[in-house]
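In the two assemblies presented below, chain A is common to both, partnered first by chain B and then by chain C.
Coming up: the complex of A and B.
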């Protein structure tokens, strides 16, 4: 087996911060220092083999103070999941659930049932760090997926190629990578048989496999002949020689922005091929030097939002997060299409405006100089203002040039602050510095 | 005068069926009604009596609205505003136990299948 490189450099707060962002939603106050004390191996294992869930922080509410009803109220689905990201003590489980949501991108715009989307979300979480084989079997039979990719309309007398095509193109092999149009048609036949019952007022219920709708005839898939069923369809796809490279590259891309070297790729493929288990591959990726020494990655909008709230110690308390996240390009349970979110678009001029709004809303509860904070004295001191902004956001590591820019801004803004301005300006400047820090490249990327 | 009228009005509305609910600390149940051509699907078909937020969402390509009416005698319909495609509207009502009919009142929509029954448990 090709040896997979391991990171052997220093593992301090900056490395722990990066790990917590890539494999979760960023650190809470002091969390990066705590993680750093465990060393690389301890830190990685604490994420991949976490203890039981322990929620941290206030329970979520909407802006009217109502408890969330994720299956029954618009936007509460998004808030419910965002809250899990903010309060979880098992961040990698939640982050992998998000990655699988992108991988098997299912949108409620085609499903039309938040209840079914919640059920799919539970499934993704259950298999978050486990067997990809089991996950693929479960997602193939999942009601939300059966609706989204027309599995429910795929029957022997009218085969529907939608799921069979995406199974290979997006979930397991890659576009045109080792299959033909004939394989698509034959996969569709193998996948026939799913049905449900329509009930007035309830919609589709009782999703099940009905042998009468299944095409039991002879099929040829990837050159192999047989009377294949839907389970065979999944198994054949997993055993396809092009699957492990696809799997490894796609999983890797959620954690490291540049493709793996040939040696790393070969090592990860061998690791994966042994059992189709996700955890060992994740552990190798999270220990890899490329994660700690390579270029930075743009945080997806919900990761950015959850991280800000974790740093601030603020819970989910407004439905505004739904449209703010949508403006930044990521509404949970509504990926733009079956290929998932396009992370090339996380930071364009439009979505950056959305991120500005996210930072503004995250910080608004901590605004200085308004009636809620009139007793808080802000010193007329640029250094103290920048230090205060960093402390509020959980003391993230920032580059010296970012600190310099923030200081220059604070100095410039306070330069003429004499007389009554000496008291009035500092809170306003402090608010602006906090906003600038929250939207800085250092906090938009990890 | 006002003190006398309000309880009378509240009782009258309860007798008639659904009544607008005022905000308070009382727990609220939610029901989402997904409307499209030509179905009306509820996120749950049964809720507890009390404050219930009914939220209609239009997943269709045509405009739709929603009407809710208790099946008890003498009840009055509660109308939700009309929604364009991708639109949404909600109302929080105090619902006594009983069965409630829901439908889209745009011409022909109910006949095509946009109707359902919500059960409210006591």
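Coming up: the complex of A and C.
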């Protein structure tokens, strides 16, 4: 078996910080230092084999202090999941759930039921670090997916190619990678048979396999002949020689922005082939030198948001996160299409503007100089202001040149502040430094 | 903002261009500012081309940089031509947009989805075809000679994946690895390093056809909403904060692509903020007004088009604009309703946009290209929908278009081996014609293998 390289450099706060961002939603105050003490192996295992869930921080509320209704109320689905990302003690489980949501991207815009989307979310979480084989079987028969990719419309007399095509193109093999248009049609036939019932006031319910709608005839898939069923369709796809390379490369891409070397790829494929288990592959990726020494990644908008809240120690307490996240390009449960979010293009002038709004809202409870903070004195001292902003955001590691710009801004703004401004300006400058720090390229990436 | 003020300003810029090199047309002190913005106009001379230009607001702006950006964008007459790309996302059904109502093969293929002749308007260029009822505005513009129809646009060996086929359309080549858009490569050749507005994505996110290798481009939801307000920050501290955003966007990135992406977005956002100063509305008010009524809708599409016309009228240096049409076109199920709804808002809005441009005297400068990644399967599926197909329909709209079909209706008798329509025009030939005849660029430097593709006549 090909030897997969392991990271052997120092494992201090910067490395622990990066690991917590890539495999979760960033550190809470002091968390990176705690994780660094465990060393690389201990840190990785604490993420991939976590103890039971222990929520940290205040439970989620809307701005009127009411509990969330994620299955019913508009936007509460997003808030409910964002809260889990903020309060979880099992960050990799939540992060992998998010990765599967992107991988099997299902949008409520086509499902039309928050209840069914929540059920799919539970499914993705249950299999988050487990068997991809079981996950693929479960997602193929999942009601939200059956609605999203026309599974319940795919029947013997009228096959619908939607799921059969995406199963191969997006979920297991890659576009045109080892299958033909004929395979698409034959897969569609093998996948026939799912149905559900429409009930007034309840919507779609009673999702089930109905043998009468299934096409039991002979099919040819990947050159093999048989009277294949939907389970055969999944099994054939998993056993396709092009599946392990596709799987390994796609999983890797969620954690490292550059493709793996041939040796690494071969090693990861061998690990995966042995059992179709996700955890061992994840552990190898999280211990890989490329994660610690390679280039930075742009944080996805919800990861950015959850991380700001974790750093600030603030819980989910406003519905604004729904539209703010949408503005930044990532509304949970509404990926743009079945290929998921475009991770190469998280940042442009519009999404930067969206992230500005996210940072501004995250910081709103801490605004200085307004009537909520009358008694807080901000010193007329640029150094102290920059230090204070870093401390508020959980002391993230930033580049010296970024610190220098923030300091230059604070100095320049306070230099001309004489008379009434000498008293009035320090809080303004402190608010601005926090905002600039939160949107800086350093904090947009990890 | 009165249309006539804007009109005269646009006139002035045009006249300025016409007179370049023959002395400077002056901008009179009394020229109106855009109503409702409360901003003063500054004018200066773009030395590189000998033009006087007006810039609204933007007190912190360094004239020289802006000068170069605008000067480059307005340097040559034909470069003030603007292309607006409108994407029907999902693969729009061409056999519904222009349908052969009386063809017995069509009725057999579409027993439940076939539209009756009585519901549509006859298509004047091909007596077999009728316009979808929601496309009545296109029929009307076609009657005025302002629409060229492509009833079977596509390419050889069509790919039926949304993502691949869309990618091919966006990069202007059947090449999976190409990462720059065809309009992006155009901008890389003719654009300016200081003008993000030259490639504008009027959308939540960047339209990939605009993706450049070098030049800055912009994505905005709407031109009147681009602000960087921060709680508890005002006055000159706010102005300094905005300037610091720009500086954070110029820090070295040491060859790190992730850091570079974040840094580029930071810098471009601060440039865009300055460029859009005249459009920032005060107190939730729009920073512009329109001479015609646009459809009322929760969807941003009509408002984005209205903003676009206003930006053009204000002389903003736009070259190519890309946006997504409202509606979902991947109609595997329940096609009839979804399609009618999306097409209606799209067509109604584009008609209003055309009338807006006409009212402002800008219609000769703008060409709209409506496209989708593919058409749909000729035979309907069992879910009152259609599956992915191959050749589909596209449209060119504008006062300067030829108004004649590009390619012909391929018919439903001779389908390809997958049961899809055959292409009668190649999209790369169309792109080459747009680049050469409309944008005045060298297509062979932008579209790989451009020489091989036949250019349709697109302009009158």
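Keep in mind that, in the parts below, the second predicted complex is superposed on the first by the 446 of 446 C-alpha atoms of A that agree within 3 Å, B and C clash if a C-alpha of one lies under 4 Å from a C-alpha of the other, contacts with A are read in each partner's own complex, and residues count from 1 in each chain.
Basically, a contact is a pair of C-beta atoms (placed from the backbone, for glycine too) under 8 Å apart; a residue touches a chain by one contact, two chains touch by 3 or more.
Since the structure is predicted, the reported quantities are computational estimates derived from the model, not experimental observations.
Q: Looking at the combined model built on chain A, do chain B and chain C fit side by side or clash?
A: fit
Q: Once the structures are superposed on A, label A:66 by its partner contacts, choosing first (chain B), second (chain C), both or neither.
A: The first partner, chain B, only.
Q: Once the two structures are placed together by chain A, how many degrees is the angle at chain A between chain B and chain C, based on Cα centres and rounded to a multiple of 10?
A: The C-alpha centres give an angle of about 80 degrees at chain A.
Q: Which holds for A:441: it touches chain B only (first), chain C only (second), both, or neither?
A: A:441 sits against chain C, while chain B stays out of touch.
Q: Would you sort A:114 into first (chain B), second (chain C), both or neither based on which partner it touches?
A: first
Q: Touching A:6, do we find chain B (first), chain C (second), both, or neither?
A: neither
Q: Once the structures are superposed on A, label A:74 by its partner contacts, choosing first (chain B), second (chain C), both or neither.
A: Touch partner of A:74: chain B, not chain C.
Q: As a test of reading the superposition: which chain, chain B or chain C, is in touch with more residues of chain A?
A: After superposing on chain A, more of chain A is contacted by C.
Q: Quick one: smallest Cα-Cα gap between chain B and chain C in the superposed arrangement, Å?
A: 5
Q: Kindly list the residues of chain A that each of chain B and chain C touches, one partner per complex.
A: Common to the two interfaces on chain A: residues 109.
Q: Quick check: in the complex, which residue numbers of chain C touch chain A?
A: For chain C paired with chain A, touching residues are 89, 159-164, 176, 196, 201, 203-206, 208, 211, 217-221, 226, 228-238, 240-241, 244-245, 247-249, 251-253, 256-259, 261-266, 268-269, 272, 328, 332-333, 381-383, 385, 387-388, 418.
Q: With touch defined as at the start, can you tell me which chain A residues reach chain B in the complex?
A: 64, 66-67, 69, 71-74, 76, 109, 112-115, 200-203
Q: Under the stated contact criterion, what part of chain A meets chain C in this complex?
A: 109, 150, 153-155, 157-162, 165, 169-170, 175-176, 181, 184, 257, 295-298, 326-327, 329, 336-339, 342, 345-353, 356, 360, 363-364, 367-370, 399, 401-402, 405-406, 408-409, 412-413, 416, 425, 427-429, 431-432, 435-436, 439-441, 444-445
Q: Which part of chain B faces chain A closely enough to touch in the complex?
A: Per the stated touch rule, the residues are 23, 27-32, 34, 36, 39-45, 53, 55, 57, 59, 88, 90, 102, 113, 115-118.
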